[in-house]
Amino acid sequence: MEDLGLKIFGAILTTIMAFAVGMTYGGIVRKLTARVQNRFGPPFYQNFLDLVKLQSKKTNVAHGFMGHTAPVWIMVASITVLMFIPILNGNLWFPNLSFHGDLIFILYMMVFGSLGMALGAGQTGNPNSAIGVTRGLSMMVGFEIPFVLALVALMVQYHTTSIQDLMQIQHESGTWLIFSNPFAFLAALFASLGMFRYSPFDIVGAPAELASGPMSEFGGKYLGTMMSGGSIFAFIKLTLYVDLFLGGAGNPDHTGIWATLAGIGVLLIKTFTLYMVPVFYGWVSPRYRTEQAIRYFWGWPTALGIIGLIWAVY
Amino acid sequence: MTDLIKEQKLLENVTNPFKIKGRVIRNRRVEVFCDKETVSSVLLYAKTQLGYIHLAHMTCIDWIDENKFELIYTIWSPVEKVHLFVKTKIDRENPVMENIDKIWDQANTYEREMREMFGIEFPGLIGEHDFALEDWDEMPPMRKDFDTHQYAEQTYYNRPGREDAKDVRETLVERSGTEVPDFAKKYSRER
Amino acid sequence: MINDKDSQKIVDYIQNFSRKHSLFVMAYGTGCGAIEIPATMTSRYDAERFGIRGAATPRQADVLLITGYLATKTLKRVIRVYEQMQEPKYVIGFGSCTINGGMYYDSYNTINALEQYIPVDVYINGCMPRPESVISGFIKLQELIQQGKADNGKRYRENLEWYRANQKKIIKNWKMPDYNW
Amino acid sequence: MIREKETTLYLGPQHPGITGNMMIKLKVQGDTVVSATTHVGYLHRAFEKLIERRNWLNAFTLLCRFCVPEPDPMELTYARAVEELDNREVPERAKYIRVIVMELARLQSFLLWYAGQAGSGGLYTMGQWSVGDRNYVLDLFEDLTGGRIYHMYIWPGGVRRDLPDGWTDKVLKTMDYLENRQKDYNQLMFDNTVFQKRAKGVGIIPKDKAVEWGVVGPPLRGTGIKSDVRIDEPYEIYDKLDFVVPTFEGGDIWARAMVRQEEFRQSISIIRQAIEKMPKGEYYNKVPNPMKWIVPEGQAWAKTESVRGEIGFYVASNGTNKPYRVHAKGAAYTHGVTVLEKVLPGQNIADVSFIMNSLGVCPPEIER
């Protein structure tokens, strides 16, 4: 029983941390973007202020059941996936419901939130939302292929479908998977550009084209919930990448408080570095058209994924 | 003004076939006056035969004293680099003018605007009736006898203290209770 | 023990603080004042450091900037946009034209006083107002929000009939959904 | 191909992708535009009616507000039309000052266009940089005229005031700065592969139809036709200056962007030449009493080259102290309505605002 209590406490802690880190990263990116654009920029906690404001707005608009629950779907999907991602390697404070095959499970669950969003946006009846959803789904078709190829390459290479096992392998062998299968990493990295929806792949909610796409009809609390769900999701994606390719963080042999904190520190450094890749790319790129974006993903990233797969087999 | 050769030539080319009057205004400016019926044929002739392929401008002037609308078509040749003004006057009561958007598509926009602002009818004109205005049921507003100030006063809320086209200095004098300084008197309206 | 009044005070303070520092401005250039908005938002004046940023749709926006004159045709759309915005919402009248008609006081197609048709929190005068004055207008709005005086939506709801009568006087063909959200 | 259902998409009037305040009603199949209808009039202020109630000179306060991104060509065009009616000579120095002001206006408008073109394509960094730099040009205007956006500086018979001391040095300094910045802009925008992919082959205006459609200015030069009011009908001192009117084949967004990029450089060079050659002397051929100034009866048409293309003013006088009729035709009058309606069908929705920006559609100019 003690164990269960600890796990629940750990789960809550994980969620809070994911939320805080995701939001802060968003704020830091806004600040950095401003500096690149010769501006002073908002404070790094701006996203929290935005969130409090959005949650304290009144909402007197009804768009039906799916419209109401769409943000909740995103939130639920984010937290569910978060529970299956090992934050620190073998640490009791950050439990995970890891099981054999969770990598495949996560692949499906990551789409769940977008699906809820799509249904919700569809019910609002705004044509911009509908077009935005179509674009989002097409984009997903684009970047999922290199992403899945990369993950399959890892699964084939190490004969496991468990993230925890992959982390353990990296810990024991001492090399990160980025070095043992660089092609898979590159394919996944390109896919991550699409996942984070920075330029040039911000075609889902492109302001100049579709107002704000699927979110057009969602304001106030809905937008706030979506924002926090999205922040958690950003943290999930980053942590997954770090777990799979960059050796994860934390040491299963040391689980004391200081070791845990050090592990979190390592995790933050790694995730932030990874986060900068799509952000840097976004600063200097205009937006692709949908078909150009898909062609982009089906070009080099997919080729790299296939090479990674071949590399893994031999 | 010795080198108005191409302008003179253009004037002859346009006036002779249609037996209409015209004159060379100055360098690069030629105007012809014709009937309402001949306008479209003059324009078509200038476009297809003389190379005046660019419709630069179309406008309408309300000569209320004569009870006429004057329509002015400005066309331009990229080769000759001369403006040709084709001017015509139509009746102010029940004004109807030939639609020329078959010759130039963009004439459609000008004509829609004129239909709305002056109430000139162009038979066969495609396009919604509302161009700039919406649900307008008064007199076409660009006509001279439409008093926009009066309309605005009746329709919109006027904040007190905002008078019509008043001299700024007078208002200042009223508010501050001082005299208009001498240097400013030079440009007053009374003089 | 904290009593209810005090805790409400704390909640209000936090709410007002975040509202004040996070103003999403409706991206709707209703008039020529829109030309100074890019300048206000970009590098020299950088309104984002006060938490002011653009929002693409009325649902997400907090502040409606009426940038200059309002033609009656736009007024209809502005009312639609305004009513779609969620409370708390704020309106800033931007430029002389929103105050007394400015130089278009005698035009048959522009309204002369904005607050007759929708409630206004802050007016910024000038034609054009410089980016500095735009920012000072925003700061004035922030002060009002902090003091809890910016109750634009409430004023509109309470005086809806008066505003409706004024609006209908100008918009001849009233085909709009009622204010029920 | 499966026939998809047609959806009606209202782009605007409240839409971040629309330049200014207008509405395009799009019929779309999937992502492709089938037909487009523009609706304007959201900015109709009845300028022309109001000018009939103003004095000849009072009209200037209204005139410069015709098109917000670039108010000076309006003043110059009207001033030239009135000068033609009044037979008023303009001193040589005023002509040079006018040219400098015009080219500065062109520069600031180009910088705004950079922001619009890049911003509608999702490249926000560019917009932040160029609008920030635009402030430097506006500072020069502020020194010269007292206004950031609206100047009311060019008057019939010259300009309102002489150049302040040391102003030309400031101008030259700013020109050097902008020339340096041009490299950054090129790296960020024009050399950008993604931008090129977006811009090439999109929104094509056919060369053989361009003049007939009423396309003017950079879009026309982007089809390869050399047409510019500054050389076709030289005004002020443009015939004494040495500059190139760039043309570019293709007629797509890319061609228009390249034309503008080159024109930006030409404007800087024109300003430098004008400052170098500027004579000393009078700057204003004074109008007697501006309040009661009577302009002789007649009609005049004047046109100037603005950033978006030619701007024409038709001014009619009946010999009183008020204009009888002033009609303005800006480039957007054709670009924003008929040309846009013709170019948009067959394009992707993603490109609508991209095309709109590249045509330089300025709604206040359409409905006035």
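Residue numbering begins at 1 within each chain, and the chains themselves are lettered A, B, C and D in the order written.
Definition applied: a contact is a pair of C-beta atoms (placed from the backbone, for glycine too) under 8 Å apart; a residue touches a chain by one contact, two chains touch by 3 or more.
What you are looking at is a predicted structure, and each value in this text was computed from that prediction instead of being measured.
Chains that touch both subunit A and subunit D: C.
The most central chain, judged by C-alpha centres against the centre of all protein C-alpha atoms, is D. Computed from the mean C-alpha positions, the centre of subunit C lies at a distance of 30 Å from the centre of subunit D. Averaged Cα coordinates give subunit A a centre that lies 36 Å from the centre of subunit C. Subunit A and subunit B have CA centres that are 61 Å apart. In whole angstrom, the spacing between the mean C-alpha positions of subunit B and subunit D is 22.
Along subunit D, residues 15-16, 41, 44, 46, 49-50, 53, 128-129, 132 each make contact with two or more other chains. Across the assembly, subunit C contributes 27, 42-43, 54, 56, 58, 73, 106-110 as residues in contact with two or more other chains. Residues of subunit A in contact with at least two other chains: 37-39, 128, 207, 211.
The touch graph of these protein chains has some other shape, matching none of line, ring, star or complete. The touching residues of subunit C, when paired with subunit A in their complex, are 14-15, 17-19, 21-22, 27, 42-43, 46, 48-49, 51, 53-62, 85-88, 153, 181. Within the complex formed with subunit B, the subunit C residues making contact are 72-73, 76, 99-101, 105-113, 116, 166, 169-173.
Of all residues in subunit D, only 39-41, 44, 46, 48-50, 52-54, 58, 211-214, 225, 227, 232-233, 289-292, 299, 301, 303, 310, 312, 314, 316, 324-325, 327, 329, 333-334, 337-339, 342, 367 touch subunit B in the complex they form. Residue ranges on subunit C touching subunit D, taken from their complex, read 26-32, 34-36, 38-39, 42-44, 54, 56, 58, 69, 71, 73-74, 77, 81, 103-104, 106-110, 127-128, 130. If you check the complex, the residues on subunit A that touch subunit C are 30, 34, 37-43, 46, 48-50, 52-54, 56-62, 128, 207, 211-212, 215-220, 223.
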